[in-house]
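Labels run A, B, C and D following the written order; every chain starts at residue 1.
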Amino acid sequence: MNPTPALFISFESLEKVFETLIELIGFGESFGWLATLLAGISISFLIINVMVMATAFYTWFERRMIARFQVRRGPNRNGPFGILQPFADVLKLIMKEDTIPDEADKPVFTLAPIALLAPTLMIMIVIPFGTFLNKEAFLSNLNIGILFIIGVTSVNSIAIFMAGWGSRNKYAILGSMRGAAMLISYEIPMALGITSVLILSGSLAMTEIVRSQSVWFILVMPMGFFVFMAASTAEMSRTPFDQIEAESELGSGYNTEYSGIKFAVLFLAEFMAPIVTAAVVTTLFLGGSQGFDFFPGGIWFALKMFIVIFVLLWFRSTWPRLRIDQIMGFAWKTLFGLGLFNIFLVAAEFTLAREFNQIHDGSLTTDYMLIMAAVNWFITIAVILIMANVVGRKKYTRPEPTPSPLANMGMGEN
Amino acid sequence: MTKIITGEEISKSIESTLANAVVASDETAMWVSPETIHEVCETLKDPDGLDYSFLTAISAVDYIEYFEIVYHLTSLRNNCSCIIKVKTSGRENPEVQSVSDIWQAADLQEREIWDLMGIKFEGHPNLKRILLWEGFNGHPLRKDFIG
Amino acid sequence: MYGLGLFKGLGVTMKNLVSPSRQFNIVQYPNRRASPFDLAKIDNQNPVSFIATHPLKTFRSLLGLETITDRMPQHANFRGEEFAWYDRRCTGCASCAKYCPLGIIKIVTGTSGVNQQEGQSYDIDVFDIDIGRCMFCGLCVEACPYDALHMGSGFEEGKYRRSDLVINVDQLKSAEKKPSTWFRPQLTDRGHDPIKGSTADWEEVGRHEKPSLEDQNKRWAKR
Amino acid sequence: MATIRTEPVTINLGPQHPSTHGVFRLRVTFDGEEIVDLEPVFGYLHRGTEKLAETRNYVQIVTLTDRMDYVASMSNNLAYVRTVEKLSDIEVPERAQYIRVISVELQRIASHLMATGFLLNDLGALATPLVYCFRERERILDLFEMLCGARITLSYMRPGGVFQDAPEEFWSSLNTLISDFPNYLDELESLITTNEIVLARTIGVGLLSDAQAIDSGVTGPILRASSVKWDLRKASPYEIYDRVDFDIPIGSSGDTYDRYYVRLQEMRESIKIISQCIKQIEPGPVRTETPFFIRPPIGEAYSSVEGPKGELGFYMVSDGGISPYRCKVRAPSFINLTPLRDMITGWKMGDLIIILGSIDIVLGEVDR
């Protein structure tokens, strides 16, 4: 079936609506650009507002949830269960003085929050977030959707570097230097994780990727999922990879000098990242809006996103952070290798599938995918355990403590 | 139980190597002249000899006419402790040899004594004020300090 | 087995998330949101009838607008503010002022003019305690030989000016007396608990039981 | 291999910094992420305790000692009153000694919990282990509130004993605490000890060899983590420590992990000590009658206890008056900072924070 955009919440259908409107008012063909513009503005308006609201409630959820993990209460004063807390936060931040350090590079300093927020918002455009009246709902069905995501997320590293460099603070520079090094490194495992998805789905369009998941890709290639999750956790700089902020080391990292509304925007971008990442992970590995029929696809999508977000929160509230060189080592020594190995594995299995004639309509049959899942799970667990134990035994075995000969509490001679 | 070595005992073992270092000694402590404290401490620390490897504390006391610096030493291997004292001559520019090259532990404590009591430690690599700021007037733990 | 430690940690945090016995003992000071069940409990009703009879209150409490006050459970020994001072027990000996490490108790006494022959107590003209500098070490209470001064049990004495923090003799006299049982084992023995709100009269706080009238007659009437 | 030369950057870490555990300042010179030089700067919390002590009498100084190591004021009190007792030959009743030991060991647990929690916080664990540690510390503070009416600045001990016997409910609460506590420590260990990220961050970081540890005068868990078996509770038993049976945990190499692990094991030993004390304690007086204005004979005394941070000693000189002529504090936090520069140089930014965290300083004691 051809993806037909649902109702008017996609760029194409909005454009049509505006075209008809303009014709009705009486302007001619020459105002076609106006329809495009209006459609674009409407889409941006929709995206920004929905995402900002979602982020606001996500911050409440995150604070609440981490508080529960830490056996505390969390914000519970503003509104029922503290649900109005994000608005209080934003109000406070807006009322704060918007300071710019004297020595700061003002244009760079001012642009950095926007540069950080924009790409995060843009990713949401290509996510097929559900089915609506039996039609797939998405805002824009780019046929290079996944490539768009890879391209757009790379802007993050520049934005963080802008923020750190522009504020002319040593902590901020240290944080943004770490950020630049880390984000660029983790692009590669992320791309490798995505590549393995592309091999199986055979398309760059997000809708096609969802449709080809007759068995969810997390089951088919857990190693790819692991690589992608680790890399995207690092991309959005959360524990255990939160070196960019590292509040116990750098104070606040790249956003040390920010205050007021600029900080609010940085904060927004930072907390929007988990939502967007969860959406991408859901699309690529968890079968997007697929699910049982008694709920519409959108709800399944939201549910899966929620689970991903919860797991990310769980990690965040449990694990300490790695050191910067360990993080870089993890990217280049572990994830890079695992990613390549995963691609090799998936490609080999795909070639075998072609040999055994298991491909229909450009995607694999369900039976073959299930066999792949069994094999890949076994291989993944074996590889990760072997790696962990080889590395661990070398580094972490400790000798039995023996008392130093330099002291003795009156038990020996004398 | 940590054995407390009296001043007489320790002075006996010191006098065999350093003849005229010890000024006086009683059952609590041994007094050493400020010029020889470095040598005495070297002898005391000698791992083959008395083996006072651990410098517990250095304290300074202002006795109006003179300052007294008290070294509490512990031998972790023999589990015994002793007290060495040094009397400075006079209140003006009191000076004692630093032992920070013998025990690293003396480093911060001597700086603290210089800061609060105003006793100079000759040979200390970094004798600056530590608890108070540079440019503070006077040394507050002296009895004649009016703050 | 390396690699499992991370997941063990995840198990611990999850256990703490769900297990009610591992929760932090949180008291939401000064008040907390009341659920309809809490309100029903206060009204001594069962929840169903409460919801039926008080729909507005139920709705408000569901919105989180109903609050009930809450206070940390403390031990009766707690050394708090609001010193309990009994002018009828105080002789003006100024031991407390002498014992105070910070010297924040100021006492000025004068002759009371009555019963001077029998050694009647002094009149306390000034008894100032500068709570703003007090560190609640309790040495003044320990010093008091006549059990006239006691630690209090409160901690909510915030004022807008430093000068308001000096409590003077009138305030001390008129204040509600909720002495802490700190260093006053006789109060513990008599079951006094200031945190639960019990107050103590000047006759009750002494080290010895107040002799009854008969006892007094027996011992003193002959004089 | 030729490397690109980079310009060293000097960063002012503190006095306001989330991980300096107070108002402590480090001037750190970085080469990239690596530390080439550092200089600690002290004194932001200097209150002149030693000078103040010269104008207070012997009982009033107890309140000053509370404010030195404010997370372990019980140990400070004990060290101080022991010195006064030594100076003026005051006998302490047996029950008071037991109560002292129980409260000091409780304080040791509380202090070590805080050290562990903040170390994990420095490791970046988003305060989760910290809150778990604080949850248990809270129960100990509740016990202190029963015991002496305060939670942090306790002023519990007096020369000649403790000022008040423990109330009835203290003993039952203490019993539940020590029966729960080992389970809790197991839980904490399964969260931290085997966590591979913690292992990767701490093992081999901030090594302090046994020779250097002794040379630089560090004491307490840091010295024992460097495999030096030295504990004043065993080396020169004070109070009733010779009547209880406990081990001294030591580390194998003296890295940050060992310092964490020694603290954890010490908490188990403290529980052991407390449970033995509860069995042995007998009713009796808790305080020798001493005058408020103690006038010790002319002389001097040095006495030290094994505090949570290390050897906490007081050196006091008496001139026969009501206040000491000189009162010098051997502050373990202060002296434990001696090898800081050697420990940190050559490590990275993230390691600096955890090495400093594993030393476990309290700035009230460092600056006094």
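The rule is short, and it goes like this: a residue touches a chain if its C-beta (ideal position, glycine included) is under 8 Å from a C-beta of that chain, and two chains touch if they have at least 3 such contacts.
Worth saying up front: this structure is predicted, and the values here are computed from it rather than measured.
The chain with its CA mean position farthest from that of chain A is B. Chain pair with the highest count of contacting C-beta pairs: A-D. If each chain is reduced to the centroid of its CA atoms, chain A and chain D end up 43 Å from each other. Put simply, the C-alpha centre of chain C and that of chain D have 31 angstrom between them.
The distance from the centre of chain B to the centre of chain C, each centre being the mean of the chain's C-alpha atoms, comes to 50 Å. For the pair chain A and chain B, the distance between C-alpha centroids works out to 62 Å. Listed for chain A are residues 69-72, 317-319, 388, 392, 396, 406-410, each touching two or more other chains.
Shown for chain D are the residues that touch two or more other chains, namely 128, 131-132, 135, 191, 195-197, 199, 214, 228, 230, 235. Residues of chain B in contact with at least two other chains: 1-2, 53, 76, 79. Contact annotation for chain pairs lists A-B, A-C, A-D, B-D, C-D, with touch applied as defined. The part of chain C that touches chain D in the complex is made up of residues 2-6, 8-9, 11-13, 15-16, 22, 24-25, 74-75, 77-79, 99, 101, 135-139, 142-143, 151, 180, 182-183, 185, 188.
Within the complex, the chain D residues that touch chain C are 56, 59-60, 62-64, 66, 128, 131-132, 134-135, 138, 142, 145-150, 153, 155, 163-165, 167, 169, 187, 190-197, 199, 292. On the chain A side of its complex with chain C, the touching residues are 68-73, 76, 79-81, 314-315, 317-319, 384-385, 388-389, 391-393, 396. Listing the residues of chain A that touch chain D in their complex gives 66, 69-72, 170-171, 174, 178, 239-240, 242-243, 246-251, 316-326, 388, 392, 395-396, 398-404, 406-410. Per the touch definition, chain C reaches chain A in the complex via residues 1-3, 6, 9-10, 12-14, 16-17, 22-24, 26, 28, 33, 62-64.
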